[in-house]
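After this come two complexes, each holding chain A, first together with chain B and then together with chain C.
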Partner chain A sequence: MKNAYIARSTDIASRMFAGETMIMSPRDSTLFNLNETASAIWEAADGRTSLEQIIEQHVCAAFDVTPEEAMKDAESLVQELAEHGILKVSEEPIS
Partner chain B sequence: MSLMQEMGAKALKLNIPLSVQLDVTYRCNERCVHCYLDHNDYGEMTTAEIKDLLDQLAAAGVFFLVFSGGEVFLRRDFFELLEHARSLLFSVKVKTNAIMIGEKEADRLAELGLHGVQVSVYSHRPEVHDRITKVPGSLERTLAGARLLRERGVNVIFANVLMGPNAADYPAVRSLALEIGAEYTVDPTITPMMDGQRGVLEWNIRHAELQKVMRDPALVGSVEDFCAPPSGPLSEQDAYETLPCSAGHTACYVSPYGDVYPCVQFPLPTGNVRKQKFIDIWRYSPQFQEVRSISMADLQGCSKCVHSGSCSRCPGLAYMEGNMRGPSIQDCEKSFARTGIPSENLLKKHPELVQITNFNPASLQPT
Partner chain C sequence: MLTATEYRTAAIAIGGVTVQVNASDPDFVRMLEERYAGFIGSGQEPDYEFDIELAAPADADPDADVGVFREGRTWHLERGDFRAQWDPALRRGRIRQSANPYSIDAVLRIVHSLVLAGQGGMLVHAASAVRNGRAFLFAGVSGAGKTTISRLAPPDATLLTDEISYLRREGAGYTAYGTPFAGELGKPGENIRAPLAALYLLAQGRRNTIEPVGATEAARALLESILFFAHDSELVGRVFESACELVSRVPVFRLTFCPDARVWELIQ
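Entry: the complex of A and B
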């Protein structure tokens, strides 16, 4: 998954405060609360930057975590958010 | 604690207005007998003013945004406002009578990813619904609009305000909602006019009807739990720590003229976004600060009431009765209908209840 591109769905509701991000899925009104690290990934999910680059530039550069640990957590996060339709995942850049 | 409760607690701690209701117009194409609004237009905010306000609300941390009125679709720019709100990633709910929702409007609403559309339905019988709205054919058009939304997967909520003429109809309205896959909410509260006039309260349902609603398991779940006798007043510590309501704490209301209030049912003027930035009103208005300073312990006649642990007391209704630190008799009546036990505030107003109920509330006071 590290070469995957991720993009925020435009259907969701989202707001960040105190470094954390609240997201509501439109499909089933499920609420998510992303911690600071997950919020950094979320904010960087522009569809043009690969997950590996996001980890390197926005997670490892800002938080005390190894690239391997960060990638493991990120993959789990991306999978869960994708299952609820709030994150798009593709092997190609997403416009 | 659920994630929603965590969000509320965090917003309270950080002084963030998590929820805002924005009325974009008071104009309406119905003339409901119980309505609390003056439908004349005294200078609504322009498209640019509302868009700027939405930007400010997003920056302030607002997550839940309710567009209401009046009838929101009477504004020609309403879809432009909705699109702007969704681009700012609010969770958006729209309150409407759905009369103006045709296929084209339903398509656009479905594309916008709304949290829900709340539709006012008073009865399953046209002669009752249309008499309340004073618009012949309104029930048929409202239901047609709601169906178009449901066909497109939009979450629809039927809001059923109960009054004397429609009190017996709610089970059929609920069935209608279930039939088209809509949610259903019932509200037995008639609100005084925003200018304080209380004539509309004559439409309130009677005590026996309210009792029936509060004992309907389809609405309240476990009747035994919902209608359980009050457990007595809150402890002193809880009374100091318990806030009366989210109004002014994590929620507020903005009128079509830019006036900011703690809630649509709590018309305490706190400022106007045409004169000040929203965040300055929210943070620094003396009125908001006063509302935030009130805990249950400060409520005269309520803090030691036997119902204080479970009462739905609305500070706005109390304010409209003359004292935001006082009781809301409408809620005292609800507690009485729910439990059969009158509060001391209610007994002061209706001393005859002592004979009717043979109950002395003092027996539940701490010894």
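Entry: the complex of A and C
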């Protein structure tokens, strides 16, 4: 998944509070809370930056975590958010 | 043969929004006037007007849940005991229900929740009261203590409701309005308003304690307490934004209390 591109769905509502992000899917009103690390990934999910680059530039550079640990957590996060339609995942850049 | 139906009307003004209901049965209208006493408007132009047909809905399922959805401009409001259509742009709607107070009560709550959702306000499953010119909200699920905290209120506090609180976004903050929607207390709130000073998330415990709640937890708790029935992703998103906005502007506390009037010493 490290070469995947991720993008925030346009069909969601989100709000950041003191580094944490709350996200709601208006489709089924499911709520998610993202911690600071997950929020950094969420904010960087522009569809043009690969997950590997996001981990390198926005997670490892800002938090005390190894790339391997960060990628493992990120893959789990991306999978969960994608299952709820909150995050789009593609092998190609997402416009 | 042409026949004319003579309607009687009752204008029910809650939160500054007047809903006029028209029905041909004078006893039903009189019952509404008694039920919503203190919230009956007189003379002002209604914001919305509903014609009520007093008859059980066709193919009614008494156990059906609330359904609220939009087709074009028209909202459809349904439950086992009523069917209603409402066009906000035309400011008119119609309701088919039997001659009971509970159906119109539900329709009013739904209509107000939709109006407020578009304006940044909300109906909250919460008790509320005014003291020293400031409003305090006490949110919680059934059994959390909304009616208990209302009963414990000191004489100088005025109860806005023990069940459904009405919040409008006004200026830089929020204003709480009294509502006729009563819970176990069985009596409507006072028809007054005041700026919202704080939101308390209720929990019952063995002693009275108060602690601030972080914005994320507060927003989540508030969202769980907001009355909103519509299957409409755009408005659901706006309700989410409104809840987040409120907790960023109004202090939120967790209030754990035992049935003791001294809990009100913590409300400031």
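Observations on the model:
What we mean here is this: the second predicted complex is superposed on the first by the 95 of 95 C-alpha atoms of A that agree within 3 Å, B and C clash if a C-alpha of one lies under 4 Å from a C-alpha of the other, contacts with A are read in each partner's own complex, and residues count from 1 in each chain.
Following the convention adopted for this analysis, contacts are C-beta pairs under 8 Å (C-beta built on N, C-alpha and C of every residue); 3 or more make two chains touch, one makes a residue touch a chain.
Because the structure is predicted, anything quoted here is derived from the model rather than measured.
When both complexes are superposed on chain A, chain B and chain C end up clashing with one another.
When the shared chain is aligned, no partner comes close enough to touch A:K72: not chain B, not chain C. Contacts of A:A18 after superposition: both chain B and chain C are touched. Of the two partner chains placed by superposition, only chain B is touched by A:T10; chain C is not. When the shared chain is aligned, no partner comes close enough to touch A:R48: not chain B, not chain C. Comparing the two interfaces of chain A, the one with chain B and the one with chain C have residues 11-13, 15, 17-18, 20, 22, 24, 26, 29, 31, 33 in common. Across the complex, chain A is touched by residues 214-216, 219-220, 223, 233-234, 236-237, 240-241, 244, 248 of chain C.
If you check the complex, the residues on chain A that touch chain B are 10-15, 17-18, 20, 22, 24, 26, 29, 31-33.
On the chain B side of its complex with chain A, the touching residues are 3-4, 6-7, 10-11, 14, 16, 58, 61-63, 89-92, 113-115, 155. Of all residues in chain A, those touching chain C in their complex are 11-13, 15, 17-18, 20, 22, 24, 26-27, 29, 31, 33.
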